[in-house]
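Here come two complexes built around chain A, the first alongside chain B, the second alongside chain C.
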Partner chain A sequence: MSIKILLSYLVLAPIVGGLLAGLDRRVTARMQNRIGPPILQPFYDVLKLFKKETLVVRPSQTLYIEFFFVLTVFTGALFFAGGDLLLIIFALTLAGVFFVLGGFKASSPYSVIGAHREALQMMSYEPALMMVAVGMYMVTKSFQITDIIHYPKSLIMVLPGVFLAFFFILPIKFRKSPFDLSTSHHAHQELVKGITTEFSGKTLAIIEMAHWYENVFVLAIVYLFFASNVWVGLSVSLLVFLSQMLIDNATARVRWQALVASSWLVALVLGGANIIYLMIRG
Partner chain B sequence: MSVLSKSPWIIHYDGSSCNGCDIEVLASLMPRYDVERFGVINTGNPKHADILLLTGSINEQNKPVVQNIYNQMPNPKVVIAVGICATSGGVFRECYNVLGGADKVVPVDVYAPSCPIRPEALIDAVVKALGILEKKKAASLAEEVKK
Partner chain C sequence: MQNHVPFLLYFLMLFPLLIGALALVNRWSSLFKKFIYPGVIVLIVVSIGLLAIGLKGSPIFVPAHFSWIEPFMLIIEVLLAAYILFLALRRKDMIVSILIAVQTGLLLWFHFGAGHSAHVENNLFIDLFSVIMGLIIGVIGSLIAMYAVGYMEDFHAHHEEVKDRRPLFLGLIFIFLSAMFGVCFSNNLMWLLFFWEITTVCSFILIGYKQDDQSIANSFLALRWNLLGGLAFLIGIIVLFKTHHTIALNEMMSLPGTLVLLPVALLCFAGLTKSAQLPCSSWLVGAMVAPTPVSALLHSSTMVKAGVYLVLRFAHQLQGTTLGLFVAMVGLITFLIGSFICISQNDAKKILAYSTIANLGLIILCAGVGTYEAVWAGILLIIFHAVAKGLLFLCVGGIEHETGSRQVEDMTGLIVRMPKVSVMLQIGIAGMFLAPFGMLISKWAVLRAMIDFSPFSAVFLIFGSAATLFFWVKWLGKVLIVDKPYENIEKGIPTGQWIAMGTLSVLTVFICGFFAWVAHNLIDPYVAAIYGNVMVLSKGNIVIMGIMLLMVCLFPLTFLDYGSGVKLSDPYLAGANVGHKGQYQAALEVKDMEMKNYYLNDYFNEERLMYLGVILGVLFVLGLFVLGGA
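On to the complex of A and B.
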């Protein structure tokens, strides 16, 4: 059973992720009173990038990105195989670290600043992610995704604070305003393209595909909160994704100080209060 | 039509233009013309770009910048001279320090004269450039096969 899910994840996640990215660009364009590109545009972009020349500053930078891709896919694979939530979070962090290293290795001022910011972003979302793991363990008494997903009650009823803390850091993972410091999909053109500045051709395509896998994985965590009913879970995940576009178009990018301070504050206050409540209730 | 022409990413550089053409370039990205319908993205990063839009008559000071941007773009790539200034130097042709056109510093594939360029003309130039992009890719593939 889990093998089947795993295989379908490996095949379907980039397709779903790419379609979501296409939907994102379309909806964003509509919000800006434009028509926007076709839904399949992200696939065209990635296929084109595979046809382009790949320029590198140092050959090893590509290696880091390949590790980043493999580990991101691995993170999702662990999740869909019903693995350990803690291990999943560590794998995600490791993937992020390789991305940051790739940015540093390329060693242009733009990608290095992007890498610094990516590291800050990781630091900002980590507490909320840990709260998710801790909160889910306290309710279901297990870190295993298989146990969490089969928990009879809806987790959102007992973990609303943790969910809000997680929701708050979602723009970081989706690379959306106000937290798209390290790199962004839009032509804001601040610091050129941040951490992805020095990557071109195939390497850039790999980063983009890793992002698709990551988006699916992040939405799967959202799903966990509503897992007691499949349809509620799926529609809430989609709604959360759409809400990110609204947030993206309605907010301006914040400075990194505000990013770190606000995400920690929200995680500790909302998530922390939720977990303390669970502890008291026993 | 291959994917190359379905996702043209552009980089736009102002080589001592009067800003008229630059405003028109940006106007094409705005809701009225919305070139993102065709997958066009203004990347602002030569390493991600396929098409270089050059405006202005190019002078001694920005010559190395233009060449640097051109060299940093991955193949296949095309260059469009936007506006009469980039095409030939226009009214600034005789000025001291002005080189008189983008083709004095980098190979230009498409010339789009007029002052300033209209978004329709610019979109037309990009479509022409896409054809050339395809040809360049086909040529480089043929060369690889020969090797």
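On to the complex of A and C.
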């Protein structure tokens, strides 16, 4: 069973992720009163990038990114194989660290600042993400995804604070305003292209594909909160994804101070309150 | 094998002392030079021999009754006290003078008064926890001592203003190792205190090694806190004797926690001072003025571990008490504040110091919580931290000698300038925060223990952990940046240093691969003997950890693909690139590009955080005595 899911994840995740990216561009375009590209545009882009020459500043910078890709896929695979949520978060961090190191290794002022911001973003979302694990463990008494997903009741009913804290940091993971500090899909980037400034061709394509895998994984965590009903879970995940577009187009990028302070505060207050509630409830 | 246990213990406690004596006496220095390397190897082999005893859950006791030994210890203690009193009076340091006078007075009063009737059946003992400590002292300690020989030669070449007192330095390092073995093998609390105070004195003299104003001031700061802890230790023993008529560690541990609250509180306080927990943390930061082997050996791998060792011994009694709660709180805020401060630090040794304080805080937190899961996690932390942090200190020491700076800001291009050392540094840093390496495995265990104990404490832990991620990764990244052509400058590092750093690097990775074995054979039986329960990490998760470790270890292999399929170009500098890659044409001249790290000093300011930490620390320590100890 889990092997089948695992294999379908490996094959389907980039397709779903790419389609979601296409949907994203379309919806965003409509919000901005444009028609937007075809839904399949992200696939065309990536295929074209693969054909292009890969320019680098330091030859090893691509190795970090290739490894980042492998680890990101691995993280998702652990999730869909029903693994331990804490371990999955650690694997995600490991993947993220390689991305950051790739940015440092590129040895360009823009990518290095981008890498710092990426690390700050990781520091900002980590508490909320860990609270998801803690909260779900407190309710289901297990860190295993297989146990969490088969929990008979809807987790959102007892973990609303944790969910909101998690929702708050989602723009970081989807690389959306107001938290797209390290790099962004938009052209309005004050740091050239941030952490990805020095990545091109095949390497940039790999970063994009890792992003697709990651998006599917992040939405799967959203799904966990509503897993007691498959259709509710899927539709809420899609709604959450669409909400990111709205947030992206309605907000301006914040400074890192606001990023760290707000995400930590929200995690501490909402997540913390939720966990205290669970402790009292027993 | 078990018949040989007494000899094994005597050997480990006396052999380093012998090497130390060889170093101290000038006339024998040629003998010392001949014996240092074989001696270190013997010490490592014998400490590994501790594993061959085949200990399970129950400890082995050794009577070790010698009629001369207690008067002998007393004479040494009085002589040391007189020496310190003399130094303190000369410096007009009233706090130290009063502390040492009071402590020695109490000691004499107890020794010739009530304590005279104290009888301890077994003065020494060894159990699995002692074995773990013994391995750390024997293996890591010896490696650092080996590193110190070459390092000090370089040190004096670089610092001509410092008087060359190498025999004293190396002698004290070995004497310190003896005392550390003593701390871990003593069952008689008076013996434990004796060795404890020897480590304090070694630390004091070694911190002041450079004899400049800063070093002397910091050595006295360390002395103040450690003497305060020693005094608390002694009072604890006296209270224990007055109330329960025993001064044996095993008997104290077998009493129900509620009966020995005050002595446990006093001994825990001694542990907190030794482990530089808030509010006493400043001494450990100050201790970084000492030459790097001292920081590696005393102030991260071993001596500060004596504090957490002692507190962890009482974990079972702390469990579920108000006292335990306050101990845990001290550990928790120390972890948080220490981790936050690291973000704003540029001096590599200060980062290592604060991170040491933070990780010791984590262990103290585990001890205060005192559940079987927490104790299990705490011991795991001790092992992994000792290896990785020892390695990091040694790397920073090497880097400082070759580049002349230990600022993280000056480590740009280190991967090209000192490729081997920088790879070892990266292994050490990865070992401190990255899955699937040691510290992360331990943090995982701590987190699980905390969630089962009180999820709210886990919430705070999470924030400290996030900060840890940030400060390590930016250091790791800094080393990788290559902004201009550099020359390789690592050829000057002596062989002894290479061996020490190399072995510790291998150990850092190796222990992760075998951590399930280590846990199963060393930690599980110890915890099971006390609690009847052990922490279980599922097989599946251990396998996944193994896969991750394998993947990370395979990463260097990708470098076989180095440079294939890519075309070199210049970094984007918003201007014309000229000269070597990292230069651009500015309005009037050619400029170098420069990249600096983030330090977020307004948010994670050392002074403000420390101020907050000390206030909270004082409150919690007061709570520890007033609410917990009564």
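Criterion: the second predicted complex is superposed on the first by the 281 of 282 C-alpha atoms of A that agree within 3 Å, B and C clash if a C-alpha of one lies under 4 Å from a C-alpha of the other, contacts with A are read in each partner's own complex, and residues count from 1 in each chain.
FYI, a contact is a pair of C-beta atoms (placed from the backbone, for glycine too) under 8 Å apart; a residue touches a chain by one contact, two chains touch by 3 or more.
From a predicted model like this one, the values you see are computed outputs, not experimental measurements.
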Touched partner set for A:Pro109, first chain B, second chain C, both or neither: second
A:Gly36 touches, of chain B and chain C: first, second, both or neither? first
Which partner, chain B or chain C, touches more chain A residues: C
Which of chain B and chain C A:Lys51 touches, first, second, both or neither: first
First, second, both or neither for A:Asp84, with chain B first and chain C second: second
First (chain B), second (chain C), both or neither touched by A:Ile275: second
Touched partner set for A:Ile206, first chain B, second chain C, both or neither: neither
Overlapping contact positions on chain A, where the chain C interface meets the chain B interface: 53-55, 192, 197-198
Complex contacts: residues of chain A adjacent to chain B: 25, 29, 32-38, 41, 44-45, 47-48, 51-55, 187, 189, 192-193, 196-201, 204
In the complex, chain A residues that touch chain C: 53-60, 62-63, 66-67, 70-71, 74, 78, 83-84, 86-87, 90-91, 93-94, 97, 100-101, 103-113, 115-116, 119-120, 122-124, 126-127, 130-131, 134, 137-138, 192, 197-198, 202, 257, 260, 264, 268, 271-272, 275-276, 278-279
Of chain C, residues touching chain A in the complex: 434-436, 440, 444, 447-448, 451, 454-456, 458-459, 462-463, 465-467, 469-470, 473-474, 476-478, 480-483, 538, 540-541, 544-545, 548, 551-552, 555, 558-559, 561-563, 565-574, 581-582, 593-595, 597-598, 600, 603
Chain A-facing residues of chain B, complex: 2-4, 6-7, 9, 29, 31, 34, 36-39, 41-45, 47-48, 50, 72, 74-76, 137
